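Each of the next two complexes has chain A plus one more chain, namely chain B in the first and chain C in the second.
Moving on to the complex of A and B:
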C-alpha cells in the first residue's frame, strides 16, 4: 500500500508500517495513532488523517496539484475494513484532494469477472460510477498468449467512448499497440 | 512456476540469460541460493526468498503434504534453518518423515532408465506428429547433477545425521496453548496471532532480518505452515458459510508477508481450499500471496477412470506467480500441468493428451473427448474445437 504526492514523495509502506504497529514498542509516538490501526479497530479515520496531513501543503511550500496514489484498495477489505468504510474513506479523500487541493486521486482495485467477493465488487462498481477515467486491464478472452499479454480498455466519463489497446509487458516497461497490431503479427 | 522443489520439470534454471564473468558477486552469497541477475534477488531452489507460497491442498491432503515435505527437505539439504508450524501433527513427526535426498549413484540409475527410453525416441523420428519434434523436451527425470535443487526418494526417509547441522524451530499449537494461556493479539484469531509472534521472534533473534551485523554467515529461514485455515487453528472458515471472522486469515497473510519481505526467508503454506465455502476468502488469499498453486488429485473423483488421465495422479493449477522487483514474471509456455507419483519420485509434467487411435470411435465419444480437451485448453488441439474466437 502506498501514498504519494507530487514533488516530494510521502510514501506509506503498508507492509512495513503494520509490522511496526504489531511488533513495535507499546508507546505511541506523540499520541498519534498509526495510520494502519484499522487492522485492530476497523476504523479508517486514522488513515484519512494521515493522508490529509501529508498532502496539505505547509504555508512555505508551493506545491500544486497533489496526487494520491492508492495501491491497492482491495487490500483494505482483506484487512478488516467494510466496503462502506472504504468508500467513505475515498469520498473524504476526494473532498480534500480533489475539491480543496485541486489534485487527483489514482486508485487500484482488483476485480474478477466471476468474482464472488461481493464487498469488493461493490467497491469497484461504486468507484467506476464516481471516476472520470477508468482503465480496465484484463487478459485476452481467448487465453494466454506469449506476445500479447492482455488488453486495456480506456473509458472517459464525459465522452462515453471505450478505446481498447493491447499490451505486452517486458521486464521494465510495457508496450501498447492497437488491437491486432502486435509486433508478432506484423 | 515457483512450486515446491523436488523433481519438477520447471526449475528456475530455464532462463537462457548468460551473464559475463561475474565481477565479484555483489549480491551476498548464501548457501543453497543463486542470485537472479534479472531481478536482483536471491533464488531458492523452490522460488525466491521473502516469498510466500500458498498451496491449495488436494482433497485428502496427500500430495500437498508431499510438496510441503519436499520444501523442508530441500532446506535441510542446503543447510537452511527451518521453522515448522502445525496444529495437527507435531513438527518433530513431520521432520522425521522427510524424504531422503537422492545420492549420485541412485540418480544415475534412474537416469539410465530414462535415457534408455529417450534414445528410442530419437531413433525413429516422428512421422505423423512431426511438428512435435520441435517442441523442447521437458526433463522429467534427474539426469544432470546440480547444486541448485535436489531430487528426493520418497520411499526412504531422511537420515537423522542430516539434521545435526541445521537449526530448526517448531510451533505446535496445542503445546503453545498450554505454555502460554493468554496472549495479546490485535483483533486477530489468537492462534494466528501467536504464530506471528513466534515467527517474528525467531526472525529477530536469529538475525534473519539483518538486525545483527555481527553475523557473517547469512542464512535462509524456510517456514512451513501446515493446514492453515482449518478448524484446528481455531478458524471456522472451513466449516461455516458465514464464519465469525472472515478477516483473520487474510490479516495473518498480510502481516506474514511483511515479515517475509523484511527478512531472508521463504514460506510455504498449505490451505484446505476445497473446504472453504466462502469463495471470496480464497480470492483475497490469492491476491495477497506471491505464488498460489492448487493440487487436484484424482482420488475418488470421476477423473480417476477417465482414459485421458490414466498416466497421472492429479492436476496442478497455477493460480498466481510472483512478480517481485519486475513488471513481468517468468511465465512458462504451458499452462496445463499434471503430476504423478512414481515409485520413488514425484514429478510435475506437461499434460499430454493420449492420441485418438481407435478406428471405431463413435461420434459421441469423440465429442466427449473434445469437450474435455476444450476444458484443458491444451497447446495443440484447442483451436480446432469449439467456436473460433479471435480478438481482432
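Moving on to the complex of A and C:
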C-alpha cells in the first residue's frame, strides 16, 4: 500500500495501490487490512478505517479541523464498489470528519448530462442533496478559449441561489472572475 | 407495494388552530398548519431542495404544541436545525442514531425502523418528519419500506402525520408514482415562482405543486408560491402570475403521481388579462 505522510498531510495513492493489490505480491501486514481491499470484498470499511485513523489527531497534535479530499469518488464505482456502498462510506466519513472532528469533506465526482451510468448519476445526485456547497465545473458552451478555461457554478444548500464564475488555470493557481470579465477581454 | 388506503381528513377550523385556507391560496399553508393527516410526501430534487418545507412543518407543529419526532438519515442534526428558531429547536425530538458515533457496521436499518414503531401516545396528534425516505429506499426493498411507513401511520395517534422527504431524482418514476398513491398529499418542489408582482426579497418565492386526495375521491392540484422565513415559518406571497382559471380555484384532476400536464399552453385568461383585453379599443366599429 502506497501512502506517504508529511506533517499535516496523509496522501493515499489509491490507483497505484490498486495495481499492486491486483497484480503485485503485496504483503499484508498483520491486523492492518489494505484500505483498498474492497476491490475483492466490495466492502469499503477498511478504507473508512484508514480515513478515521489518519485524521483522528494524536494527543500531541495541535491540528484542528481536518479536511478529507477524495479524488475521485467515481473511481470507486469503476473499481467495483456499489453506489450504496459508496454513499455509506461517505456517510461514515461525514459522521467522523464533520460531526465528530468538526472538519470538512471535499469530494470530486464526474457527471455528464447524457450519461448512461445510472450508478454514477445516483451517487452524484445523492451527494448534491447532502452537500452544503456544490461547485459545478464545466467547459464553455462556445468551446475552447485560451484565456477562459471553463466556468464554475456554485450554490449553497437550501438557498437556491446560483452564482457563476469563469476561471483560468495557471501553473500553481486558478484565477476566478465574473462572466465576460476575463483580463483578456477587458 | 402492499399498503392500506389512507383516507385523508382535512381539519375543520378550530380555536387556536389553522383555518381552512380559501381555495384560491393557502392550500400549502393549510397542510403545513395541521390540515392533513397520513402520509405527506415532499418531493424535491437536487436543484430544488425540500428540506426547508420539513422545517416549516416542524415549526408549525411546535407552535400547535404537538410532539414532533425528526428522523435524521440524510443529514446530521446541525444541518437540519439550520434555519430553525431556538425555541423550536429545543422542542424537537430526534432519532439520529445513524449520526451518533460509534456507528453500527453494517448499518442496522431494520433495527432503526423497529425503534420507530409504537410511537403512538395519547395527547395531541404527533408529527413525524422523515429525512429522508430516499435513504431508506436505497437500502431496503420498496415493499418493506412501504410496509414500514404503513406501520408508522398505524402506530401513530389518530390524526397524526408522517411528512417524508423524497428525492425524486434518485428513484425511477414508477416508484415515485407508487409512493404518491400512498400519500394523502404531495408537495412537488419547483423552481422560482413566476410572480404577478415582482418581490424584492433576498430569497425569491419558490413554486410548489400541491396534490391532495380528498376522501370522496378524485384529487386536486394547485400551484402555489411560498417562502420559508429565516426562523422556519412558512410565508405565502401574493398569487402567482396568471395560473388560475375563470371559475377560480383549482380544477379537480385525478392524482397523477406527478406526471406533467399534457397541455403546453394556457387556455384561460387571468382577471388582469381580461381587463386589459376589454380596455383595448378595436380599430373598427360594428354597425
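Observations
Just so it is clear, the second predicted complex is superposed on the first by the 169 of 186 C-alpha atoms of A that agree within 3 Å, B and C clash if a C-alpha of one lies under 4 Å from a C-alpha of the other, contacts with A are read in each partner's own complex, and residues count from 1 in each chain.
In this text, contacts are C-beta pairs under 8 Å (C-beta built on N, C-alpha and C of every residue); 3 or more make two chains touch, one makes a residue touch a chain.
Keep in mind that what you see is a predicted model, and the values were worked out from it rather than measured.
Partners chain B and chain C, once the complexes are superposed on chain A, both fit on it without clashing. Of the two partner chains, chain B is the only one that A:172 touches; chain C does not reach it. Look at A:126: by the touch rule set out above, it reaches chain C but stays clear of chain B. Once chain A of one complex is fitted onto chain A of the other, the partner contacts of A:78 are limited to chain B, with no touch recorded for chain C.
Judged by the touch definition given at the top, the superposed model places A:91 against chain C, while chain B stays out of reach. Residue contacts after overlaying the shared chain place A:99 against chain C, while chain B stays out of touching range.
Within the superposed three-chain model, A:147 lies out of touch with both chain B and chain C [touch as defined at top]. With both complexes superposed, B is the one of chain B and chain C in contact with more chain A residues.
By the document's definition of touching, neither partner reaches A:138: not chain B, not chain C. With chain A as the corner point and C-alpha centres for all three chains, the angle toward chain B and chain C works out to 120 degrees, nearest 10.
After the two structures are overlaid on chain A, the closest C-alpha atoms of chain B and chain C sit 17 Å apart. According to the touch criterion, chain A has no shared surface contacted by chain B in one complex and chain C in the other.
Chain B meets chain A in the complex at residues 38, 186-187, 196-197, 200, 247, 250-251, 254-255, 257-259, 261-262, 278-280, 283-284, 287-288, 326-328, 331, 333, 335, 377, 389-392. Per the touch definition, chain A reaches chain C in the complex via residues 45, 83-84, 87-88, 91-92, 94-96, 98-100, 122, 125-126, 128-130, 132, 157-161. Chain contact summary for the complex, chain C toward chain A: residues 44-46, 48-49, 51-52, 74-76, 78-79, 82-83, 98-101, 103, 105-107, 132, 134, 138-139, 167, 169-170, 191-192, 203-204, 206.
Those residues of chain A lying in contact with chain B across their complex are 14-16, 18-19, 21-23, 39-42, 74-75, 77-80, 110, 112, 115-120, 140-144, 146, 148-149, 151, 166, 169-174, 179-180.
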